[in-house]
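Next come the structures, one after another.
Common to both upcoming complexes is subunit A, partnered first by subunit B, then by subunit C.
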Partner chain A sequence: MAPPPSGPTQEDTASSAAASESPAPAAPAIKAPPPETPTAIRRRSYIVLSFWLLVVFLGLPFWWKTTTIYRADLPLDRMLEWADGKACRPAIPIQIAVHADSLQEEEANHLVRLAQHAIDDLNDFSGHHLRLQLAPRQDRPRESEQNPNSALSIHLKPGDATTAALDPYRAALDITYPLNSVPPLHSASSMLTTYIATELRSTFAEEQSIVSYLLSSSPTSKPAGLSPAVVEALEKRATRALRYAPTYHLTFSLFTDGPAPTTWDIDTAINEYMKPLLDVLGPIHNFTIDTQVQLYATPGVQSQTLTKDDLASFINAAEWPLSPSIGGAPTINFLTFIGNQTIGFPDSEGQTSQSWMIPQWGTVYLLSQPDTNSHVTKDALRQPMLTFGGHLLTLLGTPQSGSLPLRLSSLSRIRSADLLLRASDALGSLARLSRSLPSIAIPRNVADGVAKSIRHLEEACAGLGSSEALYHARIAEEEAERAFFEKSMVGQLYFPDEHKIAVYLPLLGPVTVPLVMGAIKEIKRLLQARKQRAQEAKDKKSQ
Partner chain B sequence: MLFPIRLLAVLATSLFLPLASAEHTNNWAVLVGTSRFWFNYRHLSNVLSMYRTVKRLGIPDSQIILMLPDDMACNPRNAFPGTVYSNSNRAMDLYGDNIEVDYRGYEVTVENFIRLLTDRVGDEMPRSKRLLTDDKSNILIYMTGHGGNEFLKFQDAEEIGAWDLADAFQQMWEKKRYHEILFMIDTCQANTMFSRLYSPNIIATGSSELDQSSYSHHADNDVGVAVIDRYTYYNLEFLENQVKDLSSQKTVGDLFDSYDISKIHSNPGMRYDLFPGGADVARSRLITDFFGNIQNVEVDQKENGALEEELLELGRTIAMLRQKEADELNQYNNATSVPASQPTEPVKHIRGATALTEDNWWTKKVVGATALAGCVGLWALGSFLET
Partner chain C sequence: MTFRGKAGIYAIAVLLRLVLFFAFPGLPDLLTGRVEISTPVTSFKRLEEGLFLYNHNVWPYDGGVYHQAPLLLPLFSLLPDSKSWPIFTPLLYILIDLLSADALVKIAASGEAGKSRLFTSPRRGKGSTGLVIAAAFLFNPLTIASCVGRTTSVFTNCAILYAIAKAVQGFSFHAMVALSFASYLSMYPVLLLPPLVLLAYDRRASQKTSVLKFSAVNVLVVAGCLSVLLGMSYALTGNSWEFLARTYGIQLTLTDLTPTVGLWWYFFIEMFDSFRSFFLALFWLHLASYVGGLSIRLRTQPLAALAVLLGIFSIFKPYPSISDASLFLGLFSLYTHLLPLMRYTYVASATLMYASFLGPAFYHLWIYAGSGNANFFYAITLVWSLGQSLLVSDLTFAVLRDEWEVERPEMVGKEAKQI
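Then we have the complex of A and B:
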């Protein structure tokens, strides 16, 4: 059987459709278009094929590449290990140098060994332990004084009775002992060593409880044997103290509700009363300072006697310009208000006070002065400044007990442990975040920051208790925070399917329709051609 | 038998007491209006009324983030220039002379809002425009605008989805950026906006259910448009009349109970299930925990004076000693230990044009040179063929 005359064109539905659409009835006989040459047909299939190849091998990879979200490889497991406290068990070794020049070398060694045993027996918290070390003899005073890693030095001197006193000017504990209390060389314990151990323990008790509280509020928590009263005090300290920042901005403000005073000797007062303190805090924090005077400032509470509730709303937050937002450092406010208000205590009669501290914010001091005085002298500022200084230490989280040098060195140790935990925590948050939000982009500098943070964390963890720990912990925390708060890791992460369709359809619809239709037609034609060939073969056979 | 149990109970309470007393130390408010144009006057006045309220209750401007997409006070169609009123009696000018708008005009975008919540901002962002909260901060988040099922429109240009909001809150929680959140939203189908939240410690409330509109309260004929929405109006009514100052003991539950469907004309929704302890604990939170700024002050006792004198003396002596020590140390050896806070050294500035980033400098040079050489080659080829 011969194929119908319009055979070749029938396969090409497009041209046949065009033919049927033409005003055919007008013409007496349907004038079929000339049959397509096989080369034209082949060329058409090549065109369709090449379009498809282009789309599949160029278009699709291009689309895939440009729409995938870049996610840098993060060491997620390592980060989570840090967060869970598995990577580092924070332990603060405290080096204590023992100066016992009045004893024989052997005796002194024995004494130190015994005292160390006594301390180990007393200590039940592994995160913070004291290590005694016999300091070199006084013959070479330079080295013995300059060991930067010893937190405290003990000076043993013979005396009448066993006494202990903290040196107010240095991190040193002076212990006197009666001559007969030195343990003989082969004794297992003695009164003196027990005494030294208990003294040391009580000296470091606050630091130890703070550290154990810090560690227990992290996931590594072990039931720390702290009494509820101690926990409450620690809780209070935590709410009072500001978050660690390398730099704080101090704002000294003079507020008055009238036209006077207009000037104050703040410059000399700061130099005289604040500067020494700021200098000692220098290794831990930097400070920037500004001052202001505000006249006709109405406090939030008008009454003459202020109750405790009034104090909370005394600061007129709506009108007083108290947040200068200068630079990037958090502000601590020290406010002197000229007024003769008094603070009333409901429970204790007759007691008065001039100042109060607002946790994590600063201090207010009520300074009463005659109205006519238009100048506040340096001497009048003495008491406020001293109060501010004391409160500054509290706001920075300094422990309350012990001599100042000791308090400061424990502050630096506490802060390094604190920063270490914070940095590990930030790493953990970032790891969990990148797992829970698979569509968030993670740029490469985040991975760099994480790597740097982990490196410094390792160093800080290894050197905890030494002076470098704070430096490393600070960098680790900074880097971890910067990685978490990376600016480009933002954007709308969730797109409903309707949105995707709405974006892609107008673009891809017109492109895909001819592509798909062309493919379908080509396939149809191929199938038909094959059928025809089979038919022809059959016909041939039957002939 | 009774005794040990009682003992146990006492022990248990003493153990859990510190946890229960964990409290917030600062309050923040994020107040967001999302619509532009004069006929949306009421959304701006909603936000400004809320702003007045939190300010009245003691949250300082530095802890309020106010987002206003349009300036109604300076709109040419405003018959009362320089003012915004939320009531036709025009008793209180909300605009006043002491208002601090943090994000305004085209700065109010979905991206900026999410950046604000997650604090993913650049170094150039001033502190006053950042939400510097920590794990002890309570945050009030109030939003108003035009919304729909699980979205809220920003300025007729884009929208924030309920999922995005939920993810932002989760990121905040993950980074310990809040203690508790009160999320309040006044828009059409508002309750759908908090349906996707999944982070703990959030109380959420909204003005209307799915397929319900949120209506305006009344119009001012002289202003010419509606001046406030119903839901916000009745919230404010409660806050103005019942929460006079910081000592108010009214709770969040009292506020929610005051909602009257016949007045609001839509069904306000609340969500407590994210709050540990559920509805009871959430409802017992004080209004001032979110709208006010409670500070637990510590008053000094008189006898501390002597102690501080001592402190000062100590400080001075120590400074002197340090100085001496440092001098001696410098003389002996110049061994440097790493200081905790390194003084910022003056950086040498290179004058003239400098690249912003130094990375890939050579690669870029090479690429540029190749491109240039290619162009020259093409030109040479072209002119060769032409001749």
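Then we have the complex of A and C:
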């Protein structure tokens, strides 16, 4: 790489200068060359000096300035604390408002206290705990009673027997109780409080196990006694769900194996069946949507009845224009295939199903329709759309049990815990990286990203369980990832120190040799001249 | 040297250029596009782009293509439109070439190459006459190609030659102004200041003032001239200093990696990003490091120092072209009396010829035929630089040997080994 002529030219100028002054070896020893003239000696010193002045006063500062590595200060200890879970013990408090308007104030307070005790006795996992709270009495109708921070509200109503029912449209649990089961003011426990506690626990069981699974997979806490079956279910959920992204891109595709149908009422179908779901998911994710129709699409499997193995290869990835990944958002595919194929499983003879979900990818729905139909109506799309909606929730990692509002609120809590852990993890990796590679440059924006990430992590940790936690955790995760994957640092990861020799030596080596040799010669000469002068002075004295 | 002879050579040179310009209408544009002739900082095509923007009241550097000095723009916009009056631009370039040749003739006429104030060469009578030198410059294919390719380095070369001519005539002020123009246009000529000041000092009628005082005055002249020129550019480009980054900044940081005949582009394509700024500084320092040493060593012959420096610059500067080589060869022809002392003239000239024939072929293989890659062209530019550095070092050797033989007359004609 080094331009080879640089060496010769310089050496030539330097050494031909020497040639003109020093004895020519061609002349044998018989004829001793005349001594160098003082002017020639002085001139040579000046030349050597001029090169060295340039090296020392310009070369070295430039070298220092351009090759010192800028390492912004990172709060390494703090980052590692986050990664080790020392900075924040993730604990998700779940506020539950108890509405017991039919009870006396004191009675209600006592009931809540007892129920809280019962819950605390049942709970064995500290990362996730339920807090009961007596809601202020309100004479106004129910609409305004929802406290934004309470995940669930319990409505206690007197009735004939002890029953519990989840409200399918709101995050509410309706409990009826026989009048005599209300605990007297000084009793220590009662059937009703135990019932409430068990009921609540079963409502939040899935979320709790997911959270405890999340936390146990990080080094922070020991696995909280989960049964293998539960762990397996949780792992399945984790493999199905897509990685969290603030925005997802939904692609609705209509594929047919023939020339028809050519149109579909996808617009109204989405508006009618998907939109409501997307709207409630709004606080957690944004969605962008596109649709496409593809004719004469050959599936990867041609057989009439699809077996379980066929399902994996049904998608013709080579030919079907899927996953366009517009922008940076990950794509979720919803594919409606018009054909006469059916899914059959050997164990359930005769039974057929129409759709299947592909983990982290999307859903395929087989829609059979007469060939003559060139249009797919909104009504025909109803079932596929509802299936897609259900699968979308799974793909986003929503828990399976409970009513929709509850599932969504627990999704947002799970996601914030998840993001919190991910961000801490990224910070820890960055800290370890910067410790293990002392020569890696750390640009200022990385330090800024880390600071911002830690700030948001703190807020997220403090407010875990509330709606802002997700927002803060999201920013923290984004910043931490951006800091970790900083472009200028990634390049240096693979640049060991030994490479510097290969960078410096080819060019600087040939240049340095004449420079150093010249300097050594000059210094030698100066020392000799000094000695000689001292000798002369001595001689003079002795005379 | 008769006037008739000089006029004849000039007339033939003008005629030849006019024929090339107008008998082969595609030739100027073809040559303008060649990387060997047009570099990002001297290309005529880029100048036209800047000119178009300038004439339409757009900031000329906005396109990111034009990297040349701002004052070239009003000069070229004074010329009639090149589309309707295609004669004027060639005439300007031919005129510049003639001025350069004339400056060379003046330098030759002064005899500075053979006899300076502090040194008289025993071979001074054997040199070429000014006429031959002018002809060698004007009919050098490299000079003709740069003229027809209309690169703006022609202006720089003319300014440098003019500065040297004025310096040997003893007009130090004129020399410094001309050098300021050259530096303003291309930046690197500012490095020629020390030997040029020494040359002007030596050629003055009287040496009453000390060298230091004389240099200080001349440095101030150059600084003043440059600040006036830069100030005018500042006013011209909408009262902003942005143009500095777009002209000299490009040369300092080598932002445009267009291939040239030099050594920088390939090196900085391959360079690790984290070391880029260090090696940029190193390359520039390397370029500048020769100035001090050569000025001191060749103190007795400042003109030789200038010639050798120009040779070094045409090898090692960031965006060299064959036009820089033509300038060096022009000054080289002043030293034909030293040809017997040179050892590698045959090798060097053969290498240069080899490179100039194979260079375009290898570039074609890389860019158009696609059967070669960048290494082909880079290899041939290495050969080109090798040939030039052979010539430069040989000239240095000859100049020094010439001095040495005066010092040690008994060694004339004997073999001297370089150690």
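Just so it is clear, the second predicted complex is superposed on the first by the 425 of 543 C-alpha atoms of A that agree within 3 Å, B and C clash if a C-alpha of one lies under 4 Å from a C-alpha of the other, contacts with A are read in each partner's own complex, and residues count from 1 in each chain.
Please note the rule applied: a contact is a pair of C-beta atoms (placed from the backbone, for glycine too) under 8 Å apart; a residue touches a chain by one contact, two chains touch by 3 or more.
Only a predicted model underlies this, so the values are computations on that prediction, with no experimental measurement involved.
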Once chain A of both complexes is superposed, is A:Gln400 in touch with subunit B (first), subunit C (second), both, or neither? neither
Who does A:Ala426 touch here: subunit B (first), subunit C (second), both, or neither? first
So, does A:Arg43 touch the first partner subunit B, the second partner subunit C, both, or neither? second
Subunit B versus subunit C as contact partner of A:Phe51, first or second or both or neither: second
One more residue to check, A:Phe485. First (subunit B), second (subunit C), both or neither? first
Contacts for A:Thr163 in the overlay, against subunit B (first) and subunit C (second): which applies, first, second, both or neither? neither
Comparison of subunit B and subunit C by subunit A residues contacted: B
Taking the superposition on A as described, I'd like to know which of subunit B and subunit C A:Ser202 touches: first, second, both or neither. neither
Give me the intersection of subunit A's contacts with subunit B and its contacts with subunit C, in residue numbers. 488, 491-492
Given the complex, residues on subunit B that touch subunit A span 14-15, 17-18, 21-23, 25-26, 55-56, 58-62, 98, 110-111, 114-115, 118-123, 126-128, 132, 134, 136, 160-161, 163-164, 167, 170-171, 174-176, 245-247, 293-302, 304-305, 307-309, 311-312, 314-319, 321-322, 329, 332, 337-341, 343
For a test of understanding, state which residues of subunit C touch subunit A in their complex under the given definition. 263, 267, 270, 272-275, 277-282, 285-286, 288-290, 292-294, 296-297, 299, 308, 312, 315-316, 382, 385-386, 388-389, 392-393, 396-397, 400-401, 403-404, 407-408, 411, 414-419
Of subunit A, residues touching subunit B in the complex: 142, 146, 148, 168-170, 228, 231-232, 235, 239-240, 243, 246-247, 273, 275-277, 279-280, 282-286, 300, 308-309, 311-313, 315, 317-319, 322-323, 325, 328, 330, 343, 345, 351-361, 383, 386-387, 389-390, 393, 403-405, 412, 425-426, 429, 432-433, 436-437, 467-468, 470-471, 474, 484-494, 496
For a test of understanding, state which residues of subunit A touch subunit C in their complex under the given definition. 1, 3-6, 8-10, 12-22, 24-27, 34, 43, 46-47, 50-51, 53-55, 58-59, 62-63, 66-67, 441, 488, 491-492, 495, 503, 507-508, 511
